[in-house]
Amino acid sequence: MDILSWFVAIPVLTVMAILFAKDLKQTRIISAIGMSAQLGLTTWLVYAYLAERAAGNAAAWLFKYDVTWFTSLNIHYTVGVDGISVAMIALTSVVIFAGVFASWRTDYLPREFFISLILLSSGVFGFFISLDLFTMFLFYEIAVIPMYLLIGIWGTGPKEYSAMKLTLMLMGGSALIMVGLLGVYFNSAPAGQQLTFNLNEIAANGIPVVAQQFFFPMLFLGFGVLGALFPFHTWSPDGHASAPTAVSMLHAGVLMKLGGYGAFRVAIYLMPEAAQDQAWIFIILTSVSVVYGAFGAVVQKDLKYINAYSSVSHCGLVLFAILMMNQTALNGAILQMISHGLMTALFFALIGMIYGRTHTRMINEMGGLMKVLPFLGVAYVIAGLASLGLPGLSGFVAEMTIFVGAYQHTDLFHRFVTIMATTSIVVTAVYILRVVGVLLFGPIRDEHHLHLTDATWWERLSTVTLITAIAAVGIFPLWLSDMINFSLRPIVERIVAAL
Amino acid sequence: MNNQVMFFLLSAIILIFSVLTVTTRRVLRAAVYLLFVLVATAGIYFQLQYNFLAAVQLTVYAGGIVVLIIFSILLTSHISERAPRASAAKAALSALATVAGAILVLLTVLQFNFTPARLEKVEPTVTNVGRALVSYKEYGYALPFEAISILLLAAMIGAIVVAKKESNQEKQK
Amino acid sequence: MTNYSYTLFIPLIPLAMFLLIGLTGHKFKPIVSGYAGTLGLTVAAFLSYITAIRYFFIEGAVDGTYPMIKAVSTVWLRFTDTLHIDLGVLIDPISVMMLVVITTVSLMVHLYSLGYMKGERGFARFYAFLSLFSFSMLGLVLATNIFQMYIFWELVGVSSFLLIGFYYEKPSAVAASKKAFIVTRFADLGFLIGILMLSFTTDTFDFKTLTSLDGPIITSTAGASFMGLSVITWSLIFIFIGGAGKSAMFPLHIWLPDAMEGPTPVSALIHAATMVVAGVYLVARLFPAYAIAAPDALHVVGYVGGFTSLFAAVIAITQIDIKRVLAFSTMSQIGYMMMSLGVSGYGDHEGLGYMASMFHLFTHAMFKALLFLGAGAIIHAVHSNNMTDMGGLRKYMPITHITFLIACLTIAGIPPLSGFWSKDEILAAALHHNPILFGIGFGVAGLTAFYMFRLYYNIFWGTDRHYHHTPHEAPAIMTFPLLFLAVASVFSGFLPFSHMVTSDGKPFEAHTDMLVAIPSVVIALIGITFATIMYKKPSTIPDRLAGSIKGLYKASLNKFWFDEIYLFVTKRVIFAYISRPIAWFDRHVVDATMNLVGWTVTTASNKIKGLQSGQLQQYAMVFVSSVVILVLLFVYLISK
Amino acid sequence: MMTEGIPLEYFLIVSTLMFFIGIFGFLTRKNLITMLMSIELILNSVNINFVAFNSYLYPHQMQGQFYSLIIIAVAAAEAAVAIAIIINIYRNFRSIETDKVDEMKY
């Protein structure tokens, strides 16, 4: 079996192994082993990828593998990675690894929980390695659907409502994507030739502009729903608030990135002319997302809501940057996906851990937790600082790349909205510091909180993994940025050539 | 002339008792009125000289089905019981639909110009009917005959099963 | 050219200390962290001194100009082929000067804190943060490009945040740290926008290119303009907003007085000597661009600086909290520096203002740090920040008293102390360029002398208060920095600054202008005299005076209600009219719309479900009427 | 001829009226058995049609007659099954009113 398919296979094998587990203990050990193997494989992949590049392999896609699985419609199982997907795979591995440890103490139906969680991750991995649009969509659905069970069964609060809302809205997005993909498929080749779902072949053939104008908004909106595009973001606050810790982590950290990645890989890459024509609408929507999400977060009282709105803002920035359609901004978008993925996962992990102790997520019911929970407190501050874009942590790298890239546009509109979007960094500071100030600092508000215990080893492992990744991206961004840039260059050239 | 008188008489019986069948509030009476209608229909068949058919009509319908119906009525309701009146709105709506339908059909029928055929008539004697019924040649009805036999068998078994199954279950309870 | 690559270690040693103390500090006794941090900084300071000596005295000017040397540079993040953030070390007169200032003050604060912070919870944390701050500040001044500066700019901001909020259990400290961060963050937004605009126009971040005389800024013809000012001017104004935020210029000053909630050594280091002058340093760093390409922007700098210095001085007169007095005094002095930059030209003697500004930055760092550390010693002894709780301390704390007096005299500008020389140059520069600003500066000099001596007399003279225990002199570890800084305050004025730090790198001869010097000394003396009359002995003059100008007094006491205005804007306007409506809108409009879609589907399906009633006759009815209607339609209506 | 002087239309009018009377009964009667009777009326009206058409238009063949025969047979079967079902329903619901037998809705 080729190397990339293992990324799907390992989670599936893990799931099968979990089926034979007897209790929570065995389940989590198996999950931990499986996801550690996945992380190890990812490390190897990154290394192998960089080694190939260093050896001068300039092919756009590495480790390609191709099997036909549905001949009459020309659907293939085609996998391959470039710098962008390698980065996304790395993000996913880290988050799922941390997620397994963050949900170490799942006591209700643990086997089923871990099975759904890991199955979901296999969908995500499959999505990132696929080059065939149909297969990609298939994996997308695999990733989205377990979410319903995970929230509906293991969630808190109005979980059925939230799960239903989230799933239905994402399904709505999927429907648009499906239509868009079919539109792409039926326009994927000149008349009389074999139609194809293969990303590169479609790109090489080009899609007629008339069809682009029609299908671009569908695909972009479809993926945009998952990427929390205003005004289709409202699944996010409720969904995240109700979801269990690891699910929030994975969902905000990785699944929302599927939206950005898809919007970039499919919508923009395949249909640059339409993207150019219609970008202004979506740029307005995304810049609204960015500012609106940030302002919305300022007055929230529930920790998860704050983070959900913050995600709306940050993910809005991803889509915003994608729509700028130049090398730097796109690079920033990918960096922002990774950065946001890591830090939001960290946030949700910490919120889960704090909630597990205080049994409340209302910030005004807590206070002074830094004193009793120093480890979690410091980790929360670090997450907050990453979120507000402190240099040395990943957020800064991503945001600055986006802003510089977006500002490089020659027309005034783009530069104006860029300045609009930059204001979010101040608002972000406001809500992050508000939370940190109320939650962690100040006197202890509830006496019961005096006896809380600090993080356990698995919680420490989970948070330290994420913090390390955040700092690694933040302190040494060049290798990541160069890796992405290398793969972006041909894509951007194609986009620019089309215009 | 006699023919016409006979026909009008039969038609009148059919229509009047039809109406009575569907409007009377006593179920048993409805069954009896239905019997009249069926008999009058048999009369029509006689008038058209389909004697065999008329006989079948009398035996199966009048003799079989109506008796079955009467039995079931006796099983399921009291003699004195009166069916509730249909609600005015429902009755009005139904009347409207049926009257409109009737007018529509009558209009269509009367507009169409039927030309009676001047062909030699096959006498519908019992001999002819019997031959045709078991013949598998042209104009032979062996296949429908067999089909209907099977249907009847199935219906018989079905009726028994339907009526019986429940009692078994009740016993089990 | 000399190899300066070892200067890389100057910021890296504190960074290493930060990581070391931050990660392992809790494993050892707290004092170990203190010693480690201090030791690290001693090395850094030593390296800085070597660098300064080599740069100014051993290597000296090359061809009559102090060169701008990129000692180390590595690409950190690449945006485009031309735009990339480099991390590196830039050696030029002002960065070397700042190295000396930062490491000196920081070292003194490290030493001082060994005594001051003794026994505090979080002693190790304190030293970790101090190291982080030192690293960031050194990185800032050594920045080779504007984006590197921005990076460290943010890092000093966060270090400041962490240190102000050091006593995180105290709500006021938390609020102050939050305020400081958010206000400066807001200013940084301006900085960032300025960088974006500048980089877009010039396609470079590099300071060397930006400030070189044949670089893109200076050679670029004005290009597109907006509201009468060129893009360059706008971008430099935006960048100045960033500087104004960090340097607490009006109207972004409100965070600085509150920042005094932090431990006093922190105030000395960050909020007096180093971080708050970052704004001045930023303008100085881009000075050729300001002076040549965008004189309008430079005028903005000058006026903002001048106004702030006056504004802050007026407020300082009435404040009770001694740290706040010093904070406003800091604002006022930084305003002075900004003003000085604003009145400077480029090159030779025209650049007097620039030189004076840097000079004042240097001397101010010494005497202001001294004042703060002295105040810290006093607070340490009295356990109060309010001058109403003090009095007659001169007999209990002789060393503190003497050093504090020296610092007061220095800031008042009494010759031959250092403050006199630098202030004199500033006033001279202002006189030549802008009489209005000169007037302001002149007035501020008097006010400064007055409020400083008001402070001095209130603390050390007057009557003894009721102390919990008899105040006593601070331990030697705290008084040594005081003495060291006092010496520095006295003698740093004799440094030949005009030979070392000039706007174009070329030395020139500055001479004391008696026309300026004599009046400025006179007004300082007048200020001191007034203060002596009013405060040396208990008297009713201050109260009567306050009564006679009640409105002004109240305005000054309440800092012209700027906190209230900001509070109003943030709480009433942003929270109540932006955030809350957005949150409401999100829940009740956007979300409700989505829910409405869901509701519509559910309701419709319920209604449709109702059609399947199980009522046989209803079905039949529908069937019959539909057939009738369809026949009517297709047979009679459509076909004809 | 026994049908002399009676045009085909007369039969059709009678059967149509009978048909719609049956439908009216089906729509308005609540008792399942009377509904069954209405169905018998409908079937009979159809039979009359078949026979009349056969007699007037296609006298050389016997399809109409056979159709009627088969319909009668089917009607008998149907009645048997229907009554079995009705009795079963009566056992379960103690009623054979249609509006009470609506368990299968939704």
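Residue numbering begins at 1 within each chain, and the chains themselves are lettered A, B, C and D in the order written.
Heads up, the rule we're going with is that contacts are C-beta pairs under 8 Å (C-beta built on N, C-alpha and C of every residue); 3 or more make two chains touch, one makes a residue touch a chain.
What you are looking at is a predicted structure, and each value in this text was computed from that prediction instead of being measured.
Contact with both chain B and chain D is made by C. Distance between chain A and chain B, defined via averaged C-alpha coordinates, is recorded as 72 Å. In this assembly, the C-alpha centroid of chain A lies 67 Å from the C-alpha centroid of chain D.
Averaged C-alpha coordinates give centres for chain B and chain C that are 103 Å from one another.
Our note on geometry: chain A versus chain C, Cα centroid distance of 36 Å, whole angstroms. Residue positions 617, 621, 624 of chain C each touch two or more of the other chains.
In chain D, the residues touching two or more other chains are 23, 27-28, 30. Across the assembly, chain A contributes no residue in contact with two or more other chains. With chains as nodes and touching pairs as edges, the resulting graph is of another kind, matching none of line, ring, star or complete.
Of all possible chain pairs, those that touch are A-C, B-C, B-D, C-D. Chain A makes touch with chain C in their complex at residues 164-165, 168-169, 230-235, 237-238, 292, 295-296, 298-300, 309, 327-328, 331, 368, 370-371, 385, 388-392, 396-397, 400-401, 403-405, 407-408, 415, 418-419, 422-423, 425-426, 429-430, 433-434, 437, 440-443, 477-478, 481-482, 485. Put simply, chain D touches chain B in their complex at residues 1-6, 8-14, 16-25, 27-31, 33-34, 36-38, 40-41, 44, 47-48, 51-52, 55-62, 65-66, 68-70, 72-81, 83-88, 90-92, 96-97.
Chain D meets chain C in the complex at residues 23, 26-28, 30, 35, 98-99, 101-106.
Residues of chain C touching chain D in their complex: 609, 612-617, 620-621, 624.
Across the complex, chain D is touched by residues 1, 3-4, 6-7, 11, 14-15, 18-19, 21-23, 27, 30-31, 34, 37-38, 41, 44-50, 52-53, 56-57, 60-61, 64-65, 68-69, 71-73, 75-77, 83-84, 86, 90-91, 93-95, 97-99, 101-102, 105-106, 109-110, 114-117, 119-122, 124, 128-129, 132-133, 139, 141, 144, 148, 151-152, 154-156, 158-160, 162-163, 166 of chain B.
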